[in-house]
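Think of it as A, B, C and D in the order they're written, each chain with its own count starting at 1.
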Amino acid sequence: MNGNRFGRLFQVTTYGESHGEAMGVTISGCPAGLELTEDDVQRDLDRRKPGQSMITTSRGEPDEVTINSGVQDGYTTGTPIGMVIQNKDARSGKYEPFITAPRPSHGDFTYSAKFGTRNWGGGGRSSARETVNWVAGGAIAKKILAEHGVELKAHVNQIGDVQADDVTFEDIKEHSEENEVRCADPEVAEEMLELIDEYQKEGDSIGGSIYFEARGVPRGLGAPRFDSVEARLGQAMMAVPASTAFEFGLGREAREWAGHDRNDEWEFASESPRDSDASGKDGEPRQVPKPSSNRHGGLQGGITTGEPIYGEVTLHAPTSIPKTQTTVDWETGEEKEVQVVGRHDPVLPPRGVPVVEAMLALTLVDFMLLGGRINPDRMDDKLGEYDTDYHPTRPET
Amino acid sequence: MNGNRFGRLFQVTTYGESHGEAMGVTISGCPAGLELTEDDVQRDLDRRKPGQSMITTSRGEPDEVTINSGVQDGYTTGTPIGMVIQNKDARSGKYEPFITAPRPSHGDFTYSAKFGTRNWGGGGRSSARETVNWVAGGAIAKKILAEHGVELKAHVNQIGDVQADDVTFEDIKEHSEENEVRCADPEVAEEMLELIDEYQKEGDSIGGSIYFEARGVPRGLGAPRFDSVEARLGQAMMAVPASTAFEFGLGREAREWAGHDRNDEWEFASESPRDSDASGKDGEPRQVPKPSSNRHGGLQGGITTGEPIYGEVTLHAPTSIPKTQTTVDWETGEEKEVQVVGRHDPVLPPRGVPVVEAMLALTLVDFMLLGGRINPDRMDDKLGEYDTDYHPTRPET
Amino acid sequence: MNGNRFGRLFQVTTYGESHGEAMGVTISGCPAGLELTEDDVQRDLDRRKPGQSMITTSRGEPDEVTINSGVQDGYTTGTPIGMVIQNKDARSGKYEPFITAPRPSHGDFTYSAKFGTRNWGGGGRSSARETVNWVAGGAIAKKILAEHGVELKAHVNQIGDVQADDVTFEDIKEHSEENEVRCADPEVAEEMLELIDEYQKEGDSIGGSIYFEARGVPRGLGAPRFDSVEARLGQAMMAVPASTAFEFGLGREAREWAGHDRNDEWEFASESPRDSDASGKDGEPRQVPKPSSNRHGGLQGGITTGEPIYGEVTLHAPTSIPKTQTTVDWETGEEKEVQVVGRHDPVLPPRGVPVVEAMLALTLVDFMLLGGRINPDRMDDKLGEYDTDYHPTRPET
Amino acid sequence: MNGNRFGRLFQVTTYGESHGEAMGVTISGCPAGLELTEDDVQRDLDRRKPGQSMITTSRGEPDEVTINSGVQDGYTTGTPIGMVIQNKDARSGKYEPFITAPRPSHGDFTYSAKFGTRNWGGGGRSSARETVNWVAGGAIAKKILAEHGVELKAHVNQIGDVQADDVTFEDIKEHSEENEVRCADPEVAEEMLELIDEYQKEGDSIGGSIYFEARGVPRGLGAPRFDSVEARLGQAMMAVPASTAFEFGLGREAREWAGHDRNDEWEFASESPRDSDASGKDGEPRQVPKPSSNRHGGLQGGITTGEPIYGEVTLHAPTSIPKTQTTVDWETGEEKEVQVVGRHDPVLPPRGVPVVEAMLALTLVDFMLLGGRINPDRMDDKLGEYDTDYHPTRPET
């Protein structure tokens, strides 16, 4: 089974099942000279890990990452970065009832139909546990992007019918991590928590969505058609477990907009030549075309305009619920009632925020490399210049 | 610039600009022994071509395809199929005003920002004209799928705020090609046409959406995660020009559904072993698990359940409109008013229907090959058996 | 830095430096239902590991593999197989003199020139230690191939000017593992050992070569041109550290052969229809064309004829030698004499044999999958048939 | 059938059979702003085309290229370049005897075994005619490389047992195109022609080899292991029709060299900082490590040292010979004698020279792009700077 790789120049390869030995991710294509420690990765893993609050599964996973290669004396060396996260709390006994009786809308049946077998502990390979690998890889991508002027952030903008659409990028950056539901509007967050609580009490779950935004992405990045930025983002976001919709810019709503209303007119804006332009012309700002609005979501013709890239991902309600459901057992040939008890999230977006950020970061860093905006060999932009007073450091004496 | 390839085993590679010499597409990975003529491809090209009605551009393109390789005596040979479609009506003069003054929300600026140049006739490479290549490739994919029991169809389910959601797959197959707007509900189609007419009269355009469905896709197809069926469909559909949203199953709406309501319970259904299962067991139907409903859209854990795969693609309003808009000229440094007069569609979904079908077919045939459901070498399922009484036919004497 | 992936459907991704924490390899694309334990992999790792004899480095590496995912109850599950091999004996102190003074013909300079840094312990990422990952992946490929009737083996056919060209495939299978140099001719092996001993005593090293052969590869496998079997083998074998030549069939010698002498004429041979042909015709042998000789090395037009595939790989002498050599220090700006003392192989082919076998196996299993000869989902050939009495086994009670 | 793509960022996709309608090649990934006309491509096509002399087939193919896209006003636009070369002289009648009776050592049998059919005119897809596509793509790669300081050239260094190893790169550039056999040593060329004439008179053919060399490739280019420069060159050169051996540096001979003799020691050399280093330090030459010899062939650890990259490709004798040979007819079940009369080259290397150069250029331009040495968007190194007085040129008035 393929499908375990993402990225063209910034390549992520993953393995692991929810109740196997360990999860693992290999990053190939990270430039040398990036300052990187396990802590940098751990920070994002901690945002995704279980047991953070009442609305996340209580599975006891510390999710501690080990970096096996690609880093020396605190800096990346340009060689692949191998990371491993052990699965500590892999009690799979309670999944026995489902070995031959698939849970409704879970991957149990499809995996068995494909492979004639499956790792039946938890969700196996189809488990959202896999996203621990993505978050680990995304943490590195974010660091590189930050050093190239790109920042990105996501937050939960809807749970059930409770929406929070009136927030700014600054709000998201400042407030989304302040509450358990990861919504940038604290009052709406309260409402969301109440709603979740209701569903949880009924042994049920509820859907929701995540809004994401990236700023500082240089104009002229991307490619037409099959590999347009939106096409690659579409793949990235639809890969997120439980994702049923991807939108950017006006998204689904665009179907009801007239062209004249949706089109973003052009005006001039002052711009200082950026270092990265290597333009050679010093200092003086020049007048450059800039859209006077951003209904296009930062992308035109599959290529970036330099405006913020934003969109939404819808995650359906978790399928593992305590409420009674009907299924069939293909071994006994009988119908049966099942309850998926235990440690399951009643809603996915709160823990999905770092996952969506990771996929956004992995997609963008790949485009930055493909567009020549990041030196593929090293962070300091000197190609083919072996260095005398840089890394590797001699051992201290 | 990459981004001109699609597919992993059924590989499509394209070239061409809207006002260049010709469009071209190469298909690599089509099995030998498929009956194929230029007419098979032409049929779908004719559904996409300009000038079909009042609501499509009147650009005079016959869009006649020439097959340059890969077919002999009416059958594919297993070697790559090269196809060319000449651009006949490439009058680019009227685009001169936009060379240095980008049309609002068009790809003019982003292409120039990326390349320092662009083919300024029409939309250049960012033009929807490129989709002629996709439709040509998709026509071949559809033929292969049809011989393996998969059928698929799309129709226009919304223009502006006029919706047609109450149609069956049979309706779509039978009625969607009966009206200019390609909507399977004839009454709604009338309303849509009226709405389009209104916008067109104002020199404006309007958005809309396309519903797609595929039936007969075998269960157990796909892969987890990065290459899940929905992830690849997401890429495919977001690659469609003007696409701003991709949804499957309940789509965006899933955010408001409770788990218990959305989950599809399992029941037993009778199934005759299919030939393609190579199960060896003759005849007798057996009881197999089957979802009692299909809110999951045919996909669980990234893998097919065997239920219909369905979803929607939103296309924003065409950006080329006669109505006056403001832009800037980066050569003169001045603001200016522009009107994009000429031959432009006032709405995209009607001609987008064959395009969405093509991308759906290309995605599914690739998964069929990856899942071992189609012999990669030849349609007749005999591996490594040179053949004595089959193709190539001797020349008639 | 990319370059850490191999294979199109049987995908190998690796990481690790000679003196880092651990080596790691992820296999994506192994079908479910293959019996597999760590012992299966360990057997080949033991053939590659250091410290086997006087002519291999004495570095103390047990090279014990851990399988982190993809296997359950002794069978593969179809999901990616993550394996880790810890680096135990990573004493890097003795490499300090070379941090800024590159060893002659080593990767020290090129790595530093590319990345501005490098993992300077041992060979870093350029070390042949990386091949531990290949051998681990190759062990799995070999098991799959063996279950599909393909067997393969390599041996050392030349060290310096001592050759062993007069051996059969049976000799190679039976005798090549009986001596330290892994040459199938025991007398020649003696001569080789004496020659190696001479060079070793002088603080020098010597080159050599490996002959490989695969039998049972079905006819009709491969593809024309860029991905012909020989092209992919060429990439695979030139990736082997220290490889400077790849040949198949008559190899380099073919340049001196006339067409009439080299061409292999066709004759008829009896053949029983193979199960895998799915020909449906029972039993009776038929007459099929077969080359009367095999100077073509099993490949014509890039595609297999069904005859044995054979060839040779040349490995240059190890560059790490105790004998004094001149280099320069880019920090001090001075010339200096260096001696690379310590634990280095005086000759590479003996430990290279399992590496060449691994690359051969990885290449062939990939072609078997691409050619539809191996079910990509499961070893038992039932597509889309979830199974009731198969894996996963219920836990014993 | 896949196998029709080459390159990771500079992507070549081809189609065509020897006796089909046309050959076609699509280049994706060529930067904008490269001056390019059909003449630039034609020059190399003319070096490869049939009918140049007595020792090449007299098939009447003008091999005229048409560029269908990607070029405007004489400059590339960054979009894919589609090229078509019509097959004019496709008389296939004389191949009828071989439809079911495979020519010895030709691809007839393997193609039929794979596909159950084949384009039986000439060599079909396995024909060396395919290389017309490679040469067309290579011509563009060479132009880009030349603008980045890389030059490359090949010549015929052996036919049968007649060798020409004592020539310099200057000789090759100046003299290899002066004689029909494309050997840089005019006296050896004479001997080669005599030898070829002998074989031709006997209705036989003979093998030979091509030496290639590239200069000016910057140091620090490449990647370890699976995608090392030598691994990718190995694939590229083994893809050349009739290729049976690939060597670089000392090649096969390296097996007989001691480490101390083969290793290249380091010395200092003066170097002016190159513009492309973007080092910022002006003017003053500095002392950099440089190998004092080049037995390593320009590559260490899979990465370039900056020294010339050189190697050899062996091409076996053409398999199509007038001399009588035995084959079998799988339709009649009978043995038969065949003579492959008509227009066939008696030796391949002379027309193979532009083919080997093309594959070398395609491989190197890809590494230059991957290593960040070529701006992927445009030749003039300005990223994200739309341009006011550059292309596209306004139409002249």
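Rule of thumb we're sticking to: contacts are C-beta pairs under 8 Å (C-beta built on N, C-alpha and C of every residue); 3 or more make two chains touch, one makes a residue touch a chain.
A quick note: this is a predicted structure, and the numbers were derived from the prediction, not measured.
Visitor: Compare the two sides of the chain C and chain D interface and say whether they are made mostly of the same residue numbers, over half shared, or of different ones.
Guide: Over half shared, hence same.
Visitor: Tell me, please, which chain's centre (mean of its C-alpha atoms) is farthest from the centre of chain C?
Guide: B
Visitor: Could you please state the distance in Å, as a whole number, between where the Cα atoms of chain A are centred and where those of chain D are centred?
Guide: 43
Visitor: Averaging only over C-alpha atoms, locate the centres of chain C and chain D and give their separation in whole Å.
Guide: 27
Visitor: Let me have the rounded angstrom distance from the C-alpha centre of chain A over to the C-alpha centre of chain C, please.
Guide: So the centre of chain A lies 36 Å away from the centre of chain C.
Visitor: For chain A, jot down the residues that touch at least 2 other chains.
Guide: Chain A, residues with two or more chain partners: 1-5, 9, 14, 79, 109, 113-115, 125, 219-221, 224, 289, 330, 370-371, 376-377, 382, 384-386.
Visitor: Of all residues in chain D, which touch chain B in the complex?
Guide: Contact set of chain D toward chain B: 1-5, 9, 11, 13-17, 20-24, 26, 28-29, 32-33, 66-70, 72, 75, 77-82, 84, 93, 96, 99-100, 109, 112-120, 124-125, 330-331, 376-378, 380, 382, 384-392, 394-395.
Visitor: Using the touch definition from the top, list the residues of chain C that touch chain D in their complex.
Guide: Those in contact with chain D are residues 1-6, 14, 101-102, 104-107, 109-111, 113-115, 123, 125-126, 130, 158-161, 199, 204-209, 219-228, 230-239, 243-252, 254-260, 262-268, 287-289, 291-292, 295-297, 299-306, 314-319, 321, 323, 325-328, 330, 333, 335, 370-371.
Visitor: So in the complex, which bits of chain D are touching chain A?
Guide: For this pair, the touching residues of chain D are 9, 79, 218-221, 224, 276-279, 289, 370-373, 375-377, 381-386.
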